[in-house]
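Let me give you the structure first, and then I'll get to my questions.
Labels for the chains are A, B, C, D, E and F, by order of writing; each one numbers its residues from 1.
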Amino acid sequence: MVSPLILVLNPSSSVPMTAAIDRGLDRLRIPGGPEIECFSIADGPEFIMTEEDILRCGLQIGEAVKNRPEAAAVVIACYAQPGLQHARTLTKAPVIGIQDAAVLLAIGMADRFGVIALSEASIARHMRNLRWLGVEHRRAGETVLKREGEGDDALFTGLVEAGRTLQAKGADVVIFGCSGFPAHRARLEEALGIPVIDPTQAAVGAALEQVLR
Amino acid sequence: MVSPLILVLNPSSSVPMTAAIDRGLDRLRIPGGPEIECFSIADGPEFIMTEEDILRCGLQIGEAVKNRPEAAAVVIACYAQPGLQHARTLTKAPVIGIQDAAVLLAIGMADRFGVIALSEASIARHMRNLRWLGVEHRRAGETVLKREGEGDDALFTGLVEAGRTLQAKGADVVIFGCSGFPAHRARLEEALGIPVIDPTQAAVGAALEQVLR
Amino acid sequence: MVSPLILVLNPSSSVPMTAAIDRGLDRLRIPGGPEIECFSIADGPEFIMTEEDILRCGLQIGEAVKNRPEAAAVVIACYAQPGLQHARTLTKAPVIGIQDAAVLLAIGMADRFGVIALSEASIARHMRNLRWLGVEHRRAGETVLKREGEGDDALFTGLVEAGRTLQAKGADVVIFGCSGFPAHRARLEEALGIPVIDPTQAAVGAALEQVLR
Amino acid sequence: MVSPLILVLNPSSSVPMTAAIDRGLDRLRIPGGPEIECFSIADGPEFIMTEEDILRCGLQIGEAVKNRPEAAAVVIACYAQPGLQHARTLTKAPVIGIQDAAVLLAIGMADRFGVIALSEASIARHMRNLRWLGVEHRRAGETVLKREGEGDDALFTGLVEAGRTLQAKGADVVIFGCSGFPAHRARLEEALGIPVIDPTQAAVGAALEQVLR
Amino acid sequence: MVSPLILVLNPSSSVPMTAAIDRGLDRLRIPGGPEIECFSIADGPEFIMTEEDILRCGLQIGEAVKNRPEAAAVVIACYAQPGLQHARTLTKAPVIGIQDAAVLLAIGMADRFGVIALSEASIARHMRNLRWLGVEHRRAGETVLKREGEGDDALFTGLVEAGRTLQAKGADVVIFGCSGFPAHRARLEEALGIPVIDPTQAAVGAALEQVLR
Amino acid sequence: MVSPLILVLNPSSSVPMTAAIDRGLDRLRIPGGPEIECFSIADGPEFIMTEEDILRCGLQIGEAVKNRPEAAAVVIACYAQPGLQHARTLTKAPVIGIQDAAVLLAIGMADRFGVIALSEASIARHMRNLRWLGVEHRRAGETVLKREGEGDDALFTGLVEAGRTLQAKGADVVIFGCSGFPAHRARLEEALGIPVIDPTQAAVGAALEQVLR
């Protein structure tokens, strides 16, 4: 029997970012278990920033889903979840958005969550989605990541600061509002002393649950 | 002084439907007042049905908005509101979705509203939008229009039946969940004895309010 | 044909305040369009402050509505909306409260709104009304206007300070919680960089939408 | 020491109705405990039906509260709660509306309550008040009392039928949406097998709690 | 006739704490009125701190209720309300939790309440209960009592500080999140200038209302 | 390396029921993946019916958790989730209740869910938990399973009927409100044409996600 395939679609064309997401999923790869394949949309934008990006990526995600009918589950590895509703109409397989998965996991674990966002503009987008899920009032707050300088250390310092701001607002668990940070999850959990959720890991975990059952 | 322009964009390419919408706006055309121009997106689908249609129309609406920077207000004349968030990032002019306008008008007039929808699939879409607005609990219900046979009389009979179903669920006001029915508004109001809202009229009314101020 | 009449009732007897409201409506007066008539209730209080004022004004508003059956729409130009429910039982014409109109306009434009209130006591009143509309959770906050000294400059300084306080609480749009400030709207919008809503303008705009249709 | 006085104000001028309310309070009269005085507003309407009645009664309730500063607590014995906010500004004594008291008592006892209303028009009023309390979603439903014929038996038959309708909608407790039915409470509880709340008894009970403490 | 008995069960075995609760109920003892008996669960913990305490006390409360079938009402005098649902299945008499009673009383009196909690851990518990009641959004905030030193004065200083923190968050009324402080209620009300609710007094007041009717 | 252990605790002492749950988990057992051990609490009740059962089972679950510190995750395999809060204070491992897991999975998949409950009494319990999660309004309805006769066929007929009742109420997904039915999941999905969630499978899936990460 062939292992079921979990297809992780990064709407960004950034190869290094896809590689980072891919490495973050190694812990979820079980020998003999479902296959987890992670790839970039080749003609996607490097970063998904604008509403136009989201519409355009939505259509590209749809094409990718049509091209891979063998997938037993699909994960859309962008916190803006481009094409989620569209993809759901194209396959009988479950299609999981990483924001949904992260938030629902957080709610099953703790009272209130905080989100580290990449921009002010994305926060209003996230709130629209929280209202759709029906759990806006479980959000302790959302804060924009600030980086001073380049490199992983500057990034980690910014993540710690953002996490502490969210804890001060009452967050019991912190969610990365971006798919690019799995390498920092464990270290940030230790620094903050509360759970940190990487959204792509959460979504692939939920996909595992679906394809195994 | 040139009159300010209210641009009403029908994402559908259907010329008869655009003409019907256009006629429905005549009552809002004031001599010397804002100009109201209504047109079809030439390469849009005839009917907006699928999630793919909505993404694709969203990008086309964006192009139309970029091409007409002189518009003082933009109305997206489709109840699914394709490209609403996108268009708002492309102009400083107010961009108004007809669903939002109809629902907010209803809430200022009455306790609970009902919606006549075109398909079951659209109802879940509407509910996502109501949750974003924050007013889901003001919805008495939503019902799918059923037509037996062709023509305006069969359509009107279906609208009356749907309206009565919504009244029985507690609706104090009925909203057309489609831009194509303005010609039936007055007659349906009379048949039901409660207000009926045509969403494009509601949105152009709100646009008037914005461009006059 | 006679133009439809929009009757704007200021429950206060203050003639200068009514004149200020009236001037603020000039932009909504279209040649050949609906007539907008604005008048004071002669035996109303100068300021509507107490709950007793609100009850008493409610009855006076009712008398005014009974005396002017020719009105195609009625606007109650006081943020406390005295007599709104009562007036609605006295006429088939739409009766619009300026608080409702301002808040529903804000929600169609932005995620969260803030209100500049005149007193702490009025804030609890506003919250009761927001709960009725069903949109309390869309309020970023409400702050009481502080004026140091007399005159328009002191007033404007207070409005800017209040607006900034509301922006810091997350407001994307600011509402005047009083009908007396239309002259400051444009200037405050410029100072804050976000939209400012004058509630009487919002309500007359909504009335226009109703009487034109 | 003089016993503290609980003043029960019936905004209606109906003497038989006030007598019925008064008899219903006998069980709450404790020898040596607070005095419970129940009276009609002499120039009130016989029945409080319209929004105008509610405004007018609100002012009359205010006068009654001003005239009796010795009251340790005030109960407004009409389910529409005329003058509640006004009366609260006129005395330091607690002012209790019978609708509020009934609903809060119900919520502490059971999951969902139903209300027997006197007219369709009153239901929208009740819902506005439930939203202010914040407990609209605890309402299983509301139904209008129907009486066929005159007299207590016809009334009781109507109450039983209304109660059963509410039970079918999921109500665990039934509230009389009117102050005139205390004589039927015990018998209706037996017929339905679930608790029935008389709102004036609930409010005087809450007043007792306040004046004893 | 024998007076009805209100049984106040303190799940803690602490005799001094039960004595303090008991003294706080003297004002609710009416000559000839219901008897109010307050006692400790002999084998309960001194303080109810852990979730295990709450489960264990819940079973002990159940035993106490079974042993005293003559009680006309039962009050569970611990803010965590151990055994509330269990006790309700064991008797036809009303069983009242002091948290529920305090919060529902607060909501009938004011817009937003604050709670003085004994520990961070208890706050999440309280929020779960508020969500069940359906009134979480009426909570202005909750703050943990801090005591510097021993004795009543240090305690009172901590209560005042906590109360002021809650007022700054918008609380119009303060609730003691613990049954042990009735002796400080009147003095704290004076210091803060707003009502303070002792939860056991609130619950016995509500029980009075039930057993008298 | 030893495989992480997921401990599935059935608070019931029923060996056949535990065997049924255990068989239902086979699909989640991956060679080389986490170990899934399922056992009965030996001195638990056969069926968890009363609130007393829930308290008592809560303490027994606590003992079981203390005795098995090697567990990497704990699942409480009873829809009433006895001891959930308690167990969370006893281990750093995630403790997952099957009701929470089923509901959160449902919300990520569909708009509204329905629950097949075993008794009317349990429905109020479920609603309290939904309010804690914050997602009560996503519940289309809940219905009590009716069985006519013994055996699997009678059970399945009852499940189909209950599922159809829930679909008629708007449910897009059905949840078993009991841990005993995994053998019927696939067949019921086929009969209804919509997803059916077995809560223990959902919880073990969520545990997998946690222990793999």
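Throughout what follows, a contact is a pair of C-beta atoms (placed from the backbone, for glycine too) under 8 Å apart; a residue touches a chain by one contact, two chains touch by 3 or more.
Not measured: the values here are computed from a predicted model.
Novice: Check every other chain and keep only those touching both chain A and chain D; list them.
Specialist: For chain A paired with chain D, the chains in contact with each are B, C, E, F, in label order.
Novice: So what's the Cα centroid distance for chain B and chain F, whole Å?
Specialist: Chain centres of chain B and chain F, defined by C-alpha means, are spaced 44 Å apart.
Novice: Hey, how far is the Cα centre of chain A from the one of chain B, in Å?
Specialist: Roughly 34 Å, centre to centre.
Novice: Would you mind listing the residues of chain A that make contact with two or more other chains?
Specialist: Those would be 134, 137.
Novice: Examine which chains touch each other and state the graph shape they make (line, ring, star, complete, other).
Specialist: Shape = other; not a path, cycle, star or full graph.
Novice: Mind giving me all the chain pairs that touch?
Specialist: A-B, A-C, A-E, A-F, B-C, B-D, B-F, C-D, C-E, D-E, D-F, E-F
Novice: Going by the contact rule at the top, pick out the chain B residues touching chain F in the complex.
Specialist: Residues of chain B touching chain F: 124, 127, 136-137.
Novice: How about chain F: which of its residues touch chain E in the complex?
Specialist: Against chain E, the touching part of chain F is residues 50-52, 54-56, 58-59, 62, 83, 85-86, 88-89, 125, 128, 131-132, 134.
Novice: Flag every residue of chain B that touches chain D in the complex, lowest number first.
Specialist: Residues 111, 137 of chain B touch chain D in their complex.
Novice: Which of the residues in chain A come into contact with chain F in the complex?
Specialist: 27-28, 30-33, 94, 96, 100-101, 104-105, 107-109, 133-135, 137-138, 198, 201-202, 205-206, 208-210, 212-213
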